[in-house]
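Before any comments, here is the structure.
Chain nomenclature is as follows: A, B, C, D and E, assigned in order of appearance, with residue numbering initiated at 1 for each chain independently.
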Amino acid sequence: MTGRRPKPAGSADTPRPARRRPATRIRRRSDPGAPPGTLVADPLAAKPVISAMVYSADRIEDYPDCPVSDLAALHRPGQVLWVDVVGLADIDLIEQLGAAFGIHRLALEDVINVHQRPKAEDFDDHVFIVSRMLVPGRGTETEQVSFFLADNYLITFQERAGDCFDPVRQRLAASRGRIREAGADYLAYALIDTIVDGFYPVLEQYGETVEQLEDEVIARPGIDQVDRIHSVKRDLLALRRAIWPTREMVNGLIREESPFLKEPTRLYLRDCYDHTIQLMDIVETYREIASGLLDVYLSSMSARMNEIMKVLTIIATIFIPLGFIAGLYGMNFNPDVSPLNMPELRLYYGYPLALGLMTAVAAALIVYFWRKGWLGKS
Amino acid sequence: MTGRRPKPAGSADTPRPARRRPATRIRRRSDPGAPPGTLVADPLAAKPVISAMVYSADRIEDYPDCPVSDLAALHRPGQVLWVDVVGLADIDLIEQLGAAFGIHRLALEDVINVHQRPKAEDFDDHVFIVSRMLVPGRGTETEQVSFFLADNYLITFQERAGDCFDPVRQRLAASRGRIREAGADYLAYALIDTIVDGFYPVLEQYGETVEQLEDEVIARPGIDQVDRIHSVKRDLLALRRAIWPTREMVNGLIREESPFLKEPTRLYLRDCYDHTIQLMDIVETYREIASGLLDVYLSSMSARMNEIMKVLTIIATIFIPLGFIAGLYGMNFNPDVSPLNMPELRLYYGYPLALGLMTAVAAALIVYFWRKGWLGKS
Amino acid sequence: MTGRRPKPAGSADTPRPARRRPATRIRRRSDPGAPPGTLVADPLAAKPVISAMVYSADRIEDYPDCPVSDLAALHRPGQVLWVDVVGLADIDLIEQLGAAFGIHRLALEDVINVHQRPKAEDFDDHVFIVSRMLVPGRGTETEQVSFFLADNYLITFQERAGDCFDPVRQRLAASRGRIREAGADYLAYALIDTIVDGFYPVLEQYGETVEQLEDEVIARPGIDQVDRIHSVKRDLLALRRAIWPTREMVNGLIREESPFLKEPTRLYLRDCYDHTIQLMDIVETYREIASGLLDVYLSSMSARMNEIMKVLTIIATIFIPLGFIAGLYGMNFNPDVSPLNMPELRLYYGYPLALGLMTAVAAALIVYFWRKGWLGKS
Amino acid sequence: MTGRRPKPAGSADTPRPARRRPATRIRRRSDPGAPPGTLVADPLAAKPVISAMVYSADRIEDYPDCPVSDLAALHRPGQVLWVDVVGLADIDLIEQLGAAFGIHRLALEDVINVHQRPKAEDFDDHVFIVSRMLVPGRGTETEQVSFFLADNYLITFQERAGDCFDPVRQRLAASRGRIREAGADYLAYALIDTIVDGFYPVLEQYGETVEQLEDEVIARPGIDQVDRIHSVKRDLLALRRAIWPTREMVNGLIREESPFLKEPTRLYLRDCYDHTIQLMDIVETYREIASGLLDVYLSSMSARMNEIMKVLTIIATIFIPLGFIAGLYGMNFNPDVSPLNMPELRLYYGYPLALGLMTAVAAALIVYFWRKGWLGKS
Amino acid sequence: MTGRRPKPAGSADTPRPARRRPATRIRRRSDPGAPPGTLVADPLAAKPVISAMVYSADRIEDYPDCPVSDLAALHRPGQVLWVDVVGLADIDLIEQLGAAFGIHRLALEDVINVHQRPKAEDFDDHVFIVSRMLVPGRGTETEQVSFFLADNYLITFQERAGDCFDPVRQRLAASRGRIREAGADYLAYALIDTIVDGFYPVLEQYGETVEQLEDEVIARPGIDQVDRIHSVKRDLLALRRAIWPTREMVNGLIREESPFLKEPTRLYLRDCYDHTIQLMDIVETYREIASGLLDVYLSSMSARMNEIMKVLTIIATIFIPLGFIAGLYGMNFNPDVSPLNMPELRLYYGYPLALGLMTAVAAALIVYFWRKGWLGKS
């Protein structure tokens, strides 16, 4: 197969969809039948690192690697606490954290089992939000980011190091925008908005890939394009599976009657909701175009086959009868035995007549093909 | 590829869909993670030009190039003020305008980021409407037109010079219809109605293209038609993406409980809503026909291939056996060595018998094909 | 292309769908940006002819060509007035009529712009109904019939002479059924019911066409069938576009809270609603079958191609090797020069051996094909 | 076409779907424009035969051929009367019956026009139910069964003799189950349940046909299978059209607020509703599988064509060059004239060299095909 | 056909979907027309074995083979009784059980007729739940598990021995998790959750199969893949038919107002509901990918056919004209008779000229093909 390139998929210079299948493979961590709320760490999960930020409008404190035991002291009224847990391998630590903030075991189980669909659930003490963030530089692969939002704290869980939250951290540090004045709900919004916006550049790449395929499929259809179209379709399917429930999750947050989400933040979430609708719109548009491309490919192939067959048919159909005539006069019937045996061979004009016959047959066939329109452009 | 014509797409004499892809490519202006309400001008945006009209039933004033600072004075009770901003490059100016009329930053951000879907949002001080207007003479390309509608003013933002609002301006100037007596909400309706009506002529062109393709695909299927069908489908997809949310936007306005939309105007909007439904109806009909055309193309190609193969098969199948017989008697086995070596060559009727054998074989095959029905019309 | 017949489409003996495209082409009469309620006559519209009927249970009066000015006198309490306007070319006359009965300008505009979708709208003084009637004898072409229904009058607007209302007129004249006792709403129902029933015979023709195509596509697939299947699909799409909103319109009438529609009439409308559902059901069934037929066609073509290729392959594959052997012994290597030069030619059994070799090769190939199953029925 | 068998379709030993098209053809009995409630008998309808049963928990009376005039006397309080009318040809008789039991004319019209969709309608004096019963032994053909259910009577109308109600009659006669204690609503339920259950065996046959086609299409694809797949799809479409509204009808009965349907019967109807959902489920599953089979067929055909073409290409491509070489040395250039004229013919090793050249060419081509993978299994 | 392997389908080492069709064949047990609530045992059903467990937080008793008569004594207040019936052959025994716990006959009938769709129904004395459990080691085959849940007992009916409930039994025995403290509703949840989780490993296998097919279809398309794709599609359809109503069933339980389902358990069911949504999501994703694979297959086949045809056309088109020239000079016209008869044969440079002519023709054709782009990669 010619379409596979050994180039690493995450390389920045090519928008080609990677041949990984992140979103179509799901494994449940816990065994079927395990009691609900059973926390079993993914053997591949990273060691957790906890960082905390405490801020109010006038000050901000940053604790890059903060033990769980210190978190309680940071949870102070009038200030917003953001606890960011990166890596989910240490069940004990996560359980301590859960205990410290009164998190329901079922929610903790969803934090550990990182194949949840985005959703927003209202518990008594907090709102539990699951979202999926594109892993930077890895195509359509997503990791789960879980949020626990309460009145003045926000806990986020990420699967591994590397996220797209740096702009938010910088806005917090630089006190840009209203982020420092607003509460934990605005912080949650800002992070979700960043996650949602992160889908745009990836979709843009697929837009370019689709356009490129559109040009190629007509100009020079080849089997590697089929492979690429199929890959694009599958990747868009994966993106759709990430974006569609995100849309519902954001919509759920807007409608949620939780006291932890204040009215102004809902207005901002409405803006974020518009983005998720637009993302779905783009994904669906690209999927429809990509689906159409396979039809174009088949039609294009069919046209090419037609052209090939025409060439074969014209050449074969003209020369096979001529060859037959030549073969006829190559027969060795003995003219000496009988005047009936190939008298043409001894005619004075025998050869010119034979050539003339051949020319006439060829001309008749060419006229026939010309009238059928096979000799012009396909 | 033969289907691409260098002719400019906007030329009036050909309804061929242009090979631009305006609506399937979307770029977000602000970086992911930028604070919401960040206003970043599109580097390609035009310099803003502000024009204002103040009118009541008995008088009308026109200020073609009006500084922002003068607008406050024009906002007088009992009169309707229409501020039309063309070009979005100057963020400062737009912020001043926003401040002067109390526009929410999130709405201003949507004005600048010109890839919004049509929508209607109810703010406290105004209704914010986003719509998409076909750029005159550029096929399915749309530009964003944003409206801020309040009790006695309407602010519109357009991306660039050139719009379809001249008939409305003339009606205002000439005091034709009820436009001068009615309020700002009727003006907004009149503009939206003009935008919606602007889709009809473009759709009509696609109607003609589709009909032309219908005729061609059956009569002489060619690969350039596949290209054109695909283009039509993609363009109709783009139109659908513009019209569908417009329908929802108009419906939203009808149902909006805002005090800025009065009852009589809602009746007119209902009429406009009917038009958006009809547009969707036409778009979907054309899309279904265009989709069907690819099937027709494939079927047509398949029929042609069949015909080509039949010709090849008939000629080859008749002459290959004849050629074999001719070849047989062209062998040089030495009849002198043995009476078994090609005694036919010395028969008195050898040659006529060979010709007769050939004729019989050919006749048998022709009868065979005739009974198979391959010799008639395909 | 062989499928096009010059026969007139409306001729009764053939159910073939006509190659007109009435329902997929729509032109808006008024220019984009014209003030709403602008009445611009279609240049092709017919001159209006107004006829009026006034009836009660015991008497009926008929005024075949009645001036607008006389209508007011005919509008008497206790009697039902039916004004039937045929032809929409005279804007003045229609405006006078509108003024006489207090019709809203927006509704009048919809009367003139004859490409409305069927709908029912509730105005204060009347119910405004738009429906689409099949033009007798012109396939799927429809014309718009607009109704204004109030307490004791009904005004209908038709595009041109010729309608399907004669049975209703006869029932009125003959006082058959309950039509003379019931009010204007029952008359409106009777007319709508007649319009809806008019779709049945046309659909029946398509049913026959579809069945005929089903038989032909398997028995002798040809490209003209593809053309006809495509035509049927497009015509059914057009019918669907007429029937679907009719269904909604009738449903709207049943639910309408207007005082002009009395309870017993709603019961009759429920019956009419059942018919529209059944019509949609039939249309969708035929469309699905017609769509399936293209797949059958392609499969059928594919099977035929296979058969053709098999014949070619069998003949060519058997005779090409035989021809090669014959050619081999037709070479002119000089046996006198060397004992290695074609000693076969001088063998006593040379020729029989060569023939035997050919027979063996042919037999082997025939066995090969037989075992592949290519020699039986396809 | 080989797929058509002359065997009668109703014969029990073959599950092949019959090539009748009962459900896709509909004719309205009354002319368009006829007054509603017009009763026009189907010219093909059977003469009506009225039978009546009167029963209570302790006794049952059977009147196999009962005149209409006697029915009033059988309608006694405390007993359930079941009037079963088979055959709809006698309009007078049906009108008398309607008058005797106060049946609305619109409902009577629906009884006569036997192409109604299943539905349940609530009239003041009775519930009117239309259902469709599979005609025993005639594939997917259905006949209309109409029910009028009131407090203590049930009237059923069937199109023709022969139904699936015998088990219910036997349960009535034998007083098996709760049927004799329960009221007319339970009897109606029992009959509807019998009708619904009657779809199972027919669907089972289609299940077998679909499975058989699945095996055949892969093993030996042929055009008759396309015909059969298409028939199955169309028949399932017909069944779907009968079952889908039945589901809605039963659901309507469950929700109906009519006093004639008592609470315990609704519980039984819920069970019947489950069956209709399951039937729809099966129909849709079979339809999806059947649709997939056409794709499998095309893929299978395509694979076969590939194989055929490979054989042709291999044989032709090997022997055509060899034949050319043989032809070359069959030319008659006179070697005596010039030493350049075919000196090979006089070489000592001329013939072996020519044979060697041929062998080399053939070997090279075979290696080429082998490396292309054309010589292995397809 | 090459795709069928005789390997047993349940063998663990291959994820290939089995060629059994469990879910697309349904047979109703009772005859159409049998009275509702008729209990007819499946002739293939297993003999019932009843086991009972009685537990409270501090103790647990296990009765592996418990007669029906003993169950009443085990039904004690303050303890939860779980009666597990495996095998449905003994109608009497099941009726006794039904009588002992006041189960409605219609529910019992659904227990026996093991082709119910999953559902939850609220009876007065208990909640009746039907679910479908994957039979361990038999691919997509499911068996029906019926639940009767009341305040302090749960009765489950399974079709045959072998289930996936052992982990729950172990948790009960070991008093792991909250299962022993919670009531019968939590037990029901735990069992349903186990059933739902049981779909994950099977879906994972299909995920692997689909990925494998994706690789194969491009690399070496063959007809056995079509068979496998079709099998995967049909199996996923079967899984969808099991999972979709399960989702509704769980949702129904969450919303059920039954007193037998307590609030905390509903929270757990919400978690279970998320799993059913995720399962549906995966099934639909795999189905879309599998559907796309058939298109990829056809495109791939089409590309291969093109390549084959190109090779044939190039070889045939080059050598047929050359062969004709060779045949021409193999004719036996007698040059002695006339100077016009093949004078070329006696030219000094005749043979080299003929060879040159052939080379020129071949070169011209090669250039032609090269310019058509047929000589490069396909």
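As a convention for this text, contacts are C-beta pairs under 8 Å (C-beta built on N, C-alpha and C of every residue); 3 or more make two chains touch, one makes a residue touch a chain.
Keep in mind that this is a model prediction, so the values were computed, not measured.
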Residue-number overlap at the subunit D/subunit E interface, same or different (half cut): different
Distance between chain centroids, defined by C-alpha means - subunit A, subunit B (Å): 25
Chain centre separation in whole Å, for subunit D relative to subunit A (CA means): 40
In subunit A, residues with contacts to at least two other chains: 298, 302, 304-305, 309, 312, 316, 320, 323, 327, 330-332, 342
Chain-level touch network, classified as line, ring, star, complete or other: ring
Ring path (origin subunit B; first step to subunit C): B, C, D, E, A
Touching residues on subunit A, where the partner in the complex is subunit E: 1-3, 21, 23-28, 31-38, 106, 109-110, 115-117, 119, 121, 220-223, 226-227, 230, 233-234, 237, 241, 294, 297-298, 301-302, 304-305, 308-309, 311-312, 315-316, 319-320, 322-323, 326-327, 329-332, 335, 342, 344-352, 354
Of all residues in subunit A, those that touch subunit B in their complex: 164-168, 171, 176-179, 190, 193-194, 197-198, 200-201, 203-204, 207, 210-211, 214, 218-219, 267-268, 270-271, 274, 277-278, 281-282, 285-286, 288-289, 292-293, 295-296, 298-300, 302-306, 309-310, 312-313, 316-317, 320-321, 323-324, 327-328, 330-334, 337-338, 340-342, 373-374, 377-378
